[in-house]
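Across the two complexes that follow, chain A remains constant while its partner is chain B and subsequently chain C.
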Partner chain A sequence: MSFRVPDHVHHRGVHGEVVILDTKTDRYLGLNSSGAVIWEALVNGGSPADAADRVAERFVVSKDVAQHDVDALVQDLVRLRLLEPAQM
Partner chain B sequence: MHLLYGLRVDSEIDLPLPAVDGPCDVSIRIGPVEPRGDLNWSMERPFAMSCRRDGVRLILSWPDVRFSISREQIIVDAANVDLAAHLLLHVVWSLVLDERGQASLHGSAVEGDEGAIAILGPSGSGKSTAVLTMLDQGWRLVSDDLLAFVDDDRLLPGPPFVRLLEDRAAGRPGSTDVGGKLRYFPAASQHPARLAAIVVHGDQYGEPAQLLGSKALDALIREVYCFLPPQPGQTQRRFMLALNLIDHVPVFGVRPRSLTDAMLRRLTEEVTPHELSRS
Partner chain C sequence: MNAIWDGLDRVLDDAHDVAPVDAVAHGVHLLAARRWRAQGRPVPIEWLAGERAATVLALTFPVLLARIRAALDGPIILLKGPEVAAHYPDPALRAYGDLDILVPDAAAAQRQLVAAGFIELIDYEIAHQQHPLMWRGMQLLIEVHNFPSWLRWMTPPSNERLFEIAAPSATGVCGIDTLPRPEHALLMAAHSWRHTPLRRLIDLVDVAVMADGLSPDCLADLAAEWGLGPVWATTVQTIDALFIDPSRRSLPLRTWARHLPAVRDRTVVEKHVTYWIGGFWAPTPMAKMKATAALVGDDLSPLRGEPWRSKMTRIGRAARHAFDRATPRSRDD
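For the complex of A and B:
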């Protein structure tokens, strides 16, 4: 599954992190360096598995651990409507 | 014609600002203002105040003064003109800038040979003390209370005075304003000043350290000049202002009332965080 950023969401990289602004709620979220790697993978068309590969390589963790973290973050981002499935 | 945060102002109210020539950007007129329009926000304590949106105009009402504000004109309805002038220069002007698409920050800034330093933080955190220390060391005032920007890292000169409480005013020349503070006119910058560093006071900070990523964003977002709920588009403008500043200017967090003269000078010399913590 791939994802897209909804039109009401703005994001930007800063100092190796990513900050995301939801203009509907006026709230913003900061992703740390590992979250930034996941976000960049997903918004550039990658799947959660692709994102896990990048995290595992970048932070020298097992694929299982990386996948668990990716899945948890994706769930949160979709719940917060900061990310949506690309097929919508 | 006067100059206020980069805008040429033609005012029927006397304002303590430098005179300039050129076409008018914003006119200030005396006239009746009715408190009409959709109520945006109001409060009763510590003082009664309301804000309404009437088409393209914002209507601000205090007990003794009302303003009708658009991006090119302010109408002032006041029994106390001194009070109106006092409110115009910062509180009202922040809204004029917002109507013109410019976010601003709450803080003060001084300029030295290596650039300007902006000092942000809540009331009582030591901003004025730090600013006075630098002014006494020969730095120039850029702006006090409201910080407005041009490009991504240059500060616009504000009114050329700082407002001091009685305990800091002793021995300094100036006049008492309607709020009971002394207006002290130090040496002031006449042109936009390149920002070399931003220092944010906060109890959550320990030893002085550079703030990165979302910590830097948090620090600046908290200091955006706004006392009203955000209008459509304002939150994004403020977000982008903070991000653009972070991209171009280092942001440091410091404990309130801990800044020294030596520390401030080193900030403009682009010290590393390790060196700063040894100041």
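For the complex of A and C:
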């Protein structure tokens, strides 16, 4: 599955981190370096598995650990409506 | 344009061990952070925080401007801040704390914005603007101007004239205008000198960025037309000496503006003395006398609503700490 950023969500990278602004709720969210790697993979059309590959490579962790973290973050981002499934 | 950034890098390098707080005082901490990274040096935590804040602002200002546009009828001119930042290599390299807008009827616009959900922050009164506004949860104040922030001893160009020449904003926010670059460059100089002559490095960078590539003679003519001839000449001379050709060391940089090449905050006594001498840059001898008297009187007078006892306490504290770093806040920040 791939994801897209809804129109009401704005984001910007800053030295390995990401700041996200939800203009419907006026709330900000910051993603640390590992979160930023996941975010960049997903918003550029990658799947959660692709994101896990990048995390595993970048932070020298097992694929299972990376996938678990990616799935948890994706769940949160979708729940917060900061990501949504891309239209097929 | 590259000469400006190369020149600033050279100033930062030559200053040796720039104190993190001084770079913040000069408004160049984001540019210094970029320089430190390029040199493989660790970036001070104060600057890291500034970078995150600048990123938040870069996300925030288009949203707020769009809400302001939706709430108001008529023209809106965006001044300073994000408008100038749009001309930087990366807008997130220019810190700012508020959105300054000029509208035909500031009091009416203030009421409309409050009705639209903006919250008014009651602060001490400033002649050139309404009380600051904020949108709950968003990290940027809005200042609706009665007229542009200008040198205290001068009258700014008329609002009618500014609205006549307004052009679309470089920020890309739909329906928002700004001043053409020549006029905006002069406005940045006037705003800086309102506080103190040659106040800080970022003010000079802003002027240089907005004036880049424009005809020096045309800018000088416009400055003369607006009564800013001497102010503009000293500003441009300082920019050249700092960023373009250091061999052209100017008198101010060798005397009362040494805080610029040293990238340090002014001391308390430096801040007050340079505030007083600002009137010397008025265009005529009589204007110089009046301006100097007004500035000294203004500096020695209490703020509106402040008791004299409080003012005398502040004067005593300033005298005891005359050679300490001046605080970053000016009288009307």
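Operating definition for what follows: the second predicted complex is superposed on the first by the 87 of 88 C-alpha atoms of A that agree within 3 Å, B and C clash if a C-alpha of one lies under 4 Å from a C-alpha of the other, contacts with A are read in each partner's own complex, and residues count from 1 in each chain.
The criterion applied here is as follows: a contact is a pair of C-beta atoms (placed from the backbone, for glycine too) under 8 Å apart; a residue touches a chain by one contact, two chains touch by 3 or more.
Because the structure is a prediction, the values reported are computed rather than measured.
Per the definitions stated earlier, placing chain B and chain C onto a shared chain A by superposition produces a clash between them. In the superposition on chain A, A:D26 makes contact with both chain B and chain C. In the overlay built on the shared chain, the residue A:V60 is in contact with neither chain B nor chain C.
Once the two complexes are overlaid on the shared chain, A:G16 sits against chain B while remaining clear of chain C.
Shared contact residues of chain A with chain B and chain C: 10, 12, 14-15, 17, 19, 21, 23, 26, 28, 30. The part of chain A that touches chain B in the complex is made up of residues 10, 12, 14-17, 19, 21, 23, 26, 28, 30-32. By the touch criterion stated above, chain A contacts chain C in their complex at residues 10-15, 17, 19, 21, 23, 26-28, 30. Considering their complex, residues 48, 51-52, 54-56, 58-60, 62-63, 92, 135-139 of chain C touch chain A.
For chain B in complex with chain A, the touching residues are 212-214, 216-218, 221, 230, 235-236, 239, 243, 246-247.
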